[in-house]
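See the structures that follow.
Presented sequentially are two complexes of chain A, the first with chain B as partner and the second with chain C.
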Partner chain A sequence: MSSPEQWTHPEPDAAPAATAAKPTAEQVIAGLRATDEGGADLVQLLTPEGERVSHPDFDIDITPEELRGLYRDMVLIRRVDREANALQRKGQLGIWVPLLGQEAAQIGAGRAMRQTDMAFPSYREHGIAWTRGINPTELLGIFRGTDQGTWDPVEKRFHPYTIVIGNQVLNAAGYAMGQKFDGKVGDDEGEATMCFFGDGATSQGDVHEGFVWAAVYDAPLVFFCQNNQWAISEPTERQSRLPLYQRARGYGFPGIRVDGNDVLATLAVTKWALDECRHGNGPILIEAFTYRMDAHTTSDDPTRYRLSDELEMWKLKDPIERVKVYLVRQQWADSEFFDGVEADADKLGEELREFCTNMPDPPAERIFSNVYAEGNPNLEAQRDEFLDYVSGFAGGEH
Partner chain B sequence: MPQYKQFPLPDTAEGLTEAEILTWHVKPGDTVTVNQIIVEIETAKAAVELPCPWAGVVTELLAEPGQTVEVGVPIITIDTDPGGAAAPAAPAPVAAEANGTSSGKIGEEMPGGRIATLVGYGPKSGTAKRRARKDSGAPAPAAAVVAPPAPAPVPVAAPVVQAPAPVAPGGYVPLAKPPVRKLAKDLGVDLHALTGSGPNGVITREDVETAVSTPAAPAAAVSSVDNGTRERRVPIKGVRKATAQAMVDSAFTAPHVTEFLTVDVTPMMELRARLKNAPEFRGVKLTPLAFCAKAIILAARRTPDVNATWDAAANEIVYKDYVHLGIAAATPRGLVVPKVRDADRMSLKELAVALDELATVARDGKTSPADMMNGTITITNVGVFGVDTGTPILNPGESAILALGAIRDMPWVVDGEIKIRKICQLALSFDHRVVDGQQGSQFLADVGALLAEPGIAMTY
Partner chain C sequence: MAAPTMDRSTAAAPASPQTLTISKALNMGLRAAMEANPKVIMMGEDIGKLGGVFRITDGLQKDFGEQRVLDTPLAESGIIGTAVGLAIRGYRPVCEIQFDGFIFPGFDQIVSQVAKLHYRTQGKIKMPIVIRVPFGGGIGAVEHHSESPESYFAHTAGLKVVSCSNPADAYWMIQQAIDCDDPVLFFEPKRRYYEKGEVDTTTQPGKLFESRVLRQGTDATLVAYGPMVRTSLDAANAAAEDGTSLEVIDLRTLSPLDLAPVFESVRRTGRLVVVSEAPSESSIASEIAAKVQQECFYSLQAPVLRVTGFDTPYPPSKLEEEFLPDLDRVLHAVDRSLAW
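Up next, the complex of A and B:
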């Protein structure tokens, strides 16, 4: 009569349907569970209280100067994030995708990469962009709708932001397979690729395909999943019945869960994973266990689907505070250093405001300019027709 | 020299066309810094705080709390160089189209006036901004112009040129090519009011231009006060509109029955007085409403019908093993009905605390839409207005609502003698599709008995 599956499953019709306005009891419980510690397998080197702890497999020697650098990175990128969020609220950006809370995951992963490694971001990777030497002002056009990112992806080794969920995992798998075919893998000087995506993306077919291809071709690819607990309004339990890092086992490569709010642990685990990939032991999945402290985007209202208790609990696990506590306790940094970082952040914020408010509107022909590498008569005809139409309006282009 | 800058209302969520001002955090004369939160607005999607773009001194607030403002319309003037000469009067308002933040309308107006946007449908926006074509051309073939309906009143503070609100007369979409639609929208012409002269009745550019050059019958009469008629016209929107819709929906779908009961609540008031002095109730605002809430929860256990929903679509009655208790609250923004979630799991003290919080949040206008959804039963405390009773209308989707009247010292017969007692009237309206007279009466009698003798609760 009833199969074993039914013994462990609730009856499908027993759960009331969720609506956008009201999460089901199940979702609420899932949200609360997400606030638990990441479990026994979570790699952590710096606790939320700023205590340095050790781990049998992953550890790191960090100099005071390096740690100050990581702290500075996180403070600056947080300021960039807050400033851009405010610029959206002032009508200067169409939308912004906040990274608040994910600074350690991104700075730790980004600083683990070498210049020769390649990175494929999603759309929230402002911290990774920062570590690739991309000026944050270059991100603003994307969110103002005037360009698609102005950096050279080849030179910066940082692919353009990908908006379609999970799409970049296929791009990254292909790229990493190329590195393998080109013989750039196998020793200390080897290359590797990192691919960034979120917990929601793990439900995408693209991600599955990327996992399969990268696995069977031993591609030097680090899948870096920032599990920020919420795929817009869907909790992680709506993505998977088991912790995401355990998915890797099914594809035949290692999966590790790291405290994504711990910059040291993230740096250590990612460095290890990249080294494995360089030597031909890829791919590897890293699940950075973190939390999205702000909305999914500026168009989203998270108070409609998640509880403020959850946010309060994660505030205690702030990625920046724990490093600050540790720096102070070790006497690795004084108030002069912290004030200096604050001043740099203020300056960066001002640069961003200045740049954004003075950003010129692109000409209408820009729409057509990057469709093909070379000229195309059909497109040119369309362009001319459109420009003619646009010029019929008083007051210019739009 | 003082230098004035005006901050136009931004589109905070991809394609919104308007927002309501909730609260100003600054006032004229205040010094503000960059990114200081100056105002809270409510859009169709969320309540959002807006940061200040410049440092300086606030010269003028250009929109009142409660006012709905179109995206792109200035809401505040800031003097970014207040050290200069004596401040002259505020500058002339900047026309909205002069700045780059016009609303992101991507689609056409839908029947009912909502506009398709990038991420769904924005709020109703009745007005259109004017922007002229370069050469409007000579008057072209005549097109029949149907006189547009009377202009809807528009908030007078909005400093843009506003056309009368077009009222979509029906569900059909007028035939016109996109550039012509755009032109009509820019010129504030309602395509519904035009008859097309093109093939198959398609509205042409000429039709639109003719409509504009024809002297418009009711021009820009936007004042909302007409001294001649001694009437005042106020736009129906916001909470008023939502309330009206909910009440009409409820009154015309659920057959209402109302029953009344007068109760001697002296024992309840005595218990309340004793509990107020008990240490565990210290600092708790223990109101008769809290007792009434507890009584309802207890009584609903015996009569679950009053806590059920008539689901006409599914042809089912939905019985709920939980009570989300709605409390009708009068607020400066109008009637809102926030809920105490899972009230059935709360003790009297927890209920009292929750009710107090609810009232505070509601009075401050901070009740979020989510807080107001999915109630199962409601209390309306008309007693606070000194009223004895009423015939409440059900909150849509619920099957019962109880009105709690004022508690008064009244003559009452106790053991054959007239005594002065604390007397209160209860009125219960219920949905007769779900609840019969027997269950309704039982429930009301139970609530009454619990208030008349709280010790009865021991038997539940």
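Up next, the complex of A and C:
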């Protein structure tokens, strides 16, 4: 494997900066590698068994306090996810999009960002939202049907959830172009953008175009693909013959596959990628190799298309357990710490339930509000006519 | 951001009013908007060095630099999708879609993101994006170069849609569209690009989202927009020679529709013919007919008639003279209305 320096500063005449040993023709044709874990290509710093391993290109110094923080983040966002899933089962949410299993990918990537960086999520990025300072209660309205995301995307530097697969990749490319046009790229203080999407999205034209745009404009953009192996019922091999991270080569920028269940490796690789981008060496693709432990949404039934032994295998690679094992083994955390995190999670879950069950329905005017920035007299007439109709019912209830 | 390199001392405003083509008026309008606001940027295929296939952006990249006039990769979803991100970043992108029939790869970004982000965020994100589309037929082109897709966009909440029909409107409406905080689809009548008219570059003639009576008349009302305004004015001239007085209204704004002048006119004339190149089913013309029967029911002396392209794909260009409404088809409809 070549070094990051080689990737980002290629010599024109040098041999291609291979990111992996070349697959044999048979391997490529067999189409096995898209779902193969990648062996030596997979950047890993903490094994599923909680063993700290080193990596020649991507390593990271982490203090006990920092690692405890990452552990706490992952436990809390998993609790948010499980509570919201339960709230859907109780009829309090119309639907929920589970995050289970992807905590390390999102907390690692999210905690690598600076406040001045911008993030463009898909719709499963509850962990990224957490790291951007979005209160989890603000995610509920989207899935309860009371709003479409209430946070301020400019202040939080966290774009609204994007539901059309792949759209946000182009939006992120444009934003990153703007960072460059604004002269905010080129040194340690530079800005960068992160864009989140899944394995399924990589088949979308918008993702291809986003790769092209970011590359030809040298945009400071980190493409963060969470390959959770399943796009609803379709496995990644239905999206790609080649491992997804290797696609980057065709666009002229580095692609790196990281163990998406390893929060340390994800943090290290993402920090490096953001740093390269803020210095003007973007874009970069990261494929976080992970697994969707729950259904696509609460409306989905994964037992129809995947075997439970696959799930059992991935349970052994749990992103939280390996950190807990390491913290204990290093004596970086004691039972008081773990009990405290559990208590915090209980409290957070309670707040979420309390908030959700008391969320009011929006008023009828909300149908018509903010369709336009500068108004539309025809729409205003339609609104007035409807509100007049509604107010005609006894008691003003509709 | 690169500073504009244009030497302003050599660009003193020529005397006004001047006689300009629609093409030149658009070019000057774009230039004025770029001079007025450094956040205005142009994006599109071949718009920089080449100046656009119709030369509407001619000379702008030379004067404002490659960072403000972007020759983009060849992908329309990419043009619109990155314009969204640039708008969030504080820019005011003006996107050129090279031909009407090429807007559809960008359709998803337009209806899913451009149209809805303001609503989704309840005003926290604005989308001050202009999407310029040379549209309509009459130039003898191959397939996909002569279409009238405006109804798709007028049907989409969150977008505003306008069309200019003359050089003065071209000059002012493009600047007003760029100033608008809502996304504006700006349809340019490509077959009329080289028609001339007087442009007063010192005084704004009116607001963007307003229809305008271009010719007063008493016997029937013609409503048109874009390339069909010229056709309708020609029809009114011909009718006048036969003693029929036609009122002609240039719609100018397709969304929101400004039909107050149309209602006022129809209440006087009792007869309305809507003229448009687009196929008639579920079109702008349909919407006008529906609204006019609702607002002017007791004033109508005849049903609202539509003179439009047919409900077919745009035909091979040797047939476009039959496909496109012309003076005779407009007058034929007027005769039917008057004879009702």
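Going forward, the second predicted complex is superposed on the first by the 349 of 398 C-alpha atoms of A that agree within 3 Å, B and C clash if a C-alpha of one lies under 4 Å from a C-alpha of the other, contacts with A are read in each partner's own complex, and residues count from 1 in each chain.
Keep in mind that, in the parts below, a residue touches a chain if its C-beta (ideal position, glycine included) is under 8 Å from a C-beta of that chain, and two chains touch if they have at least 3 such contacts.
Here the structure is a predicted model, which is why all the values come from computation and not from measurement.
I'd like to know which partner A:243 touches here: chain B for first, chain C for second, both or neither.
It touches nothing on chain B or chain C.
Touch check for A:298: first (chain B), second (chain C), both, or neither?
In the superposition, A:298 touches chain B alone.
Answer with first, second, both or neither: which of chain B and chain C does A:167 touch in the superposed model?
The second partner, chain C, only.
Considering only touches as defined above, state whether A:50 meets chain B (first), chain C (second), both or neither.
So A:50 meets neither chain B nor chain C here.
Under the stated touch criterion, which partner chain does A:153 make contact with: chain B (first), chain C (second), both, or neither?
In the superposition, A:153 touches chain C alone.
Should A:89 be classified as contacting the first partner (chain B), the second (chain C), both, or neither?
first
Touch check for A:379: first (chain B), second (chain C), both, or neither?
Touch status of A:379: second partner only.
Figure out whether A:179 sits in contact with chain B (first) or chain C (second), or with both, or with neither.
A:179 sits against chain C, while chain B stays out of touch.
Tell me which partner touches more residues of chain A in the superposed arrangement, chain B or chain C.
C
Could you please specify the touching residues of chain A with respect to chain B in the complex?
Chain A reaches chain B through residues 21-22, 83, 86, 88-92, 94-95, 298-301, 303-304, 353, 357, 361, 389, 392-395.
Would you pull the chain A residues touching chain C in the complex into a rising list?
On the chain A side, the touching residues are 120, 147-150, 152-154, 159-160, 162, 164, 167, 169-179, 181-183, 205-206, 209-210, 212-213, 216, 369-374, 376-379.
Name, in rising order, each residue of chain B that touches chain A in their complex.
Residue list for chain B touching chain A: 7-14, 34-35, 45-51, 53, 97, 100-101, 104, 119, 131-134, 179, 186, 368-370, 373-374.
Write out the stretch or stretches of chain C touching chain A in their complex.
Its residues touching chain A are 1, 67, 72-73, 75, 77-78, 80-91, 105, 108-109, 112-113, 117-128, 157-158, 160, 180-182, 256-257.
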